[in-house]
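One chain, subunit A, links the two complexes that follow: it is found with subunit B in the first and with subunit C in the second.
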Partner chain A sequence: MPTRDELLRELRRRVQLPAAEHAALLREVRGDLEGMVALLELQGHARAEARARALAALAPSEEALAALAQVHRPLYRRLTAGVAQGRLRLAEVSAVVAMAVLAALAPVVPLVQGGRLPPLPAGTLSVCAGLLLANMGWYAFRGFVRRDADVEDLERGGRTQAGLVGLALSAGSLALAVHVWQVAGAWQRGPGSSGPEALRLVAEASTATAFMLGVAILGVFGALALLQGIMVARDIERELGELVESLNPREGRR
Partner chain B sequence: MWGFFAQMGVIQWPMYVAAIFLVVQIARAAAGTRQGRESSVSTSSVLVWGGLGALLGILGTVVGFSQAAGAIAAASDISPPVIWGGVRVALSTTIFGLMLLTLAVVAWLALQWMRGHPKG
Partner chain C sequence: MTQQPNLSKHVNELLILATLRSGPAHGYEIALAVERDSEGTFSFQHGTLYPILHRLEKEGLIAGAWHGRGRKRRTYALTSKGEAYLVGETRQVKSLFQDLIRILEGPTHAYA
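Presenting the complex of A and B:
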């Protein structure tokens, strides 16, 4: 007897739809099925026979499934249906990366030009912020626009997000420590620092630390959003599995 | 380069041990992932060794600052070059520890990517 997961995989193979639309479709089919089973039972059929007859009558053909999938396909996939997958993927990744790089550089460039943020921590944290924004942007695009991110994809995105937050904190701290170490070396060899110069170093270190914590907090918010998406996706997958099991032709014969 | 490591004091030895374990664990986790035998415990232990390296580094810096402050007070020499020299020495263990932690995080991200994109 096929398991729920096998039925789910088979259904996914035959009907390429986002999980939410899939569940809505199956809810409709189950409603029709229950109505027909009740009617057949009233006509005197045994429950198992009524169920088998209803399933046979309502089971959609391959053509009907293909037509249903076409109607419910997400707008983005309908608009890009004629584009080669390789080129489309390249364009999608490039767009997400470009937006992330611009968003990461926007606050950094004026701070570096104003001398408030040293270049080494600024460059390191810009890279980390860009990676975080690119990860968040990619999974938001897949979840809301392309609508093809399942629970496993979102969990992978969440783990990557957590890792990138850690990278921002560790690499940012390292860059700041190296900057202070280099400045201390220059002051050790030279005439030593004056009060204003030392205060300037404290101000730079404070700005770099604040920027690093800001990047980390942004990353944590992104991880929380992904976590929310994972919980919603898990609920839909669970409902989808229950619906598929309830529509399993062999269930009536148990 | 060797001077940078030599000035780290006694804390450098447990940091070298953490570094060796980190590199070995990265190699083991990567080999296991390539062969499809990945284990989340083995991947996570990379982060544990990196975190240990960072903590040892911070410990070394705190101890270093404490010793430098004592030495400066005892010698009654508080000229800025002496102070900044002490800061530089104390920071070296933090820098090494953070290098280990950053390496661990980058390796962990790479291992996660390998798990999501298996060969073949």
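Presenting the complex of A and C:
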């Protein structure tokens, strides 16, 4: 009897199903195995014989798993089946990079057009926003469109997301601190002459804060979406653990 | 020559649909019923039941549902589309086998 981890590794290698379908299949097979063993025992068969018959009838072979993968093939993979995989990956990554660059440039374009370079904290915040969108976009694409993200992929995405949110908050806080320092400096020079200057700095500080909070909220939503994907993937592992337990030859366990 | 259907695949589908005519059933109940009703002639092994069930469900010929509290189990039921499909395909399979038997039992032709 393989251990739960051995079975997990084997299933990950063999079962090319999207996460939700993977969990559902395990749940269905577990339920049917338990039901069949119970029914055969009721009909007078010994537990060992009932278990062997149930496994022989219901445990999916490589062929059955390949057929299931065909049945549950995501639409995106069916549509792109004729495209060379290398080219397809390049196109996918390019699309995500383009989205990230646009998202990063959008907030700073008005500044550049006005002949000013964005200050370093604001520029960093823009880059963070772009990277966050790219990260979320990539994993959303893999989770919902290509449907081939497993739990390790999603956890990696989640760690990247958390890091980028942290970086965005740091950059935003630094930008805010710089603005506050500049406002203080402007007021020190005298409220009368530096009033408009101070107001402009306060407006920029508010904008930077709002942008930072927006980026952070975006990042948190993305992290929650990844977390949901991780929970579905973890569901598979729990179902698998229960399946292994239901096949355990120890007497009295059901 | 027209393309011949994949008879074995077809037969498996029809066996499942015919079994569900009696009412909704779990996957394992379908497997056991087919083996019992055919006296062992037909049986599902190595989980080959599941791709067929899932495909029939995607095509709308059967409908799957989860039942029970806690540990849910899946049952399948024949849809009206599945019922109509079964009637039509049963007629075709009958005709196919009648033609086959006619050839097997009929007089052989002399070829010059």
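In this section, the second predicted complex is superposed on the first by the 160 of 254 C-alpha atoms of A that agree within 3 Å, B and C clash if a C-alpha of one lies under 4 Å from a C-alpha of the other, contacts with A are read in each partner's own complex, and residues count from 1 in each chain.
What we mean here is this: a residue touches a chain if its C-beta (ideal position, glycine included) is under 8 Å from a C-beta of that chain, and two chains touch if they have at least 3 such contacts.
Just so it is clear, the structure is predicted and the values come from calculations on it, not from any experiment.
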{"item": "First, second, both or neither for A:167, with subunit B first and subunit C second", "value": "first"}
{"item": "Which superposed partner A:25 touches (first subunit B, second subunit C, both, neither)", "value": "second"}
{"item": "Which superposed partner A:93 touches (first subunit B, second subunit C, both, neither)", "value": "neither"}
{"item": "Subunit B versus subunit C as contact partner of A:48, first or second or both or neither", "value": "neither"}
{"item": "Touched partner set for A:156, first subunit B, second subunit C, both or neither", "value": "first"}
{"item": "Residues of subunit A at both interfaces, subunit B in one complex, subunit C in the other", "value": "none"}
{"item": "Subunit B residues touching subunit A - in the complex, by the definition given at the top", "value": "47, 50, 54, 79-81, 84-85, 87-88, 91-92, 94-95, 98-99, 101-102, 105-106, 108-109, 112-113, 116"}
{"item": "Complex contact set, residues of subunit A against subunit B", "value": "156, 159-160, 163-164, 166-167, 170-171, 173-174, 177-178, 180-181, 184-185, 187-190, 192-193"}
{"item": "Of all residues in subunit C, those that touch subunit A in their complex", "value": "26-29, 31-32, 43-51, 54-55, 58, 71-74"}
{"item": "Subunit C partner contacts - residues on subunit A that touch it in the complex", "value": "25, 27-36, 39, 54, 56-61, 63-65, 67-68, 70-72, 242"}
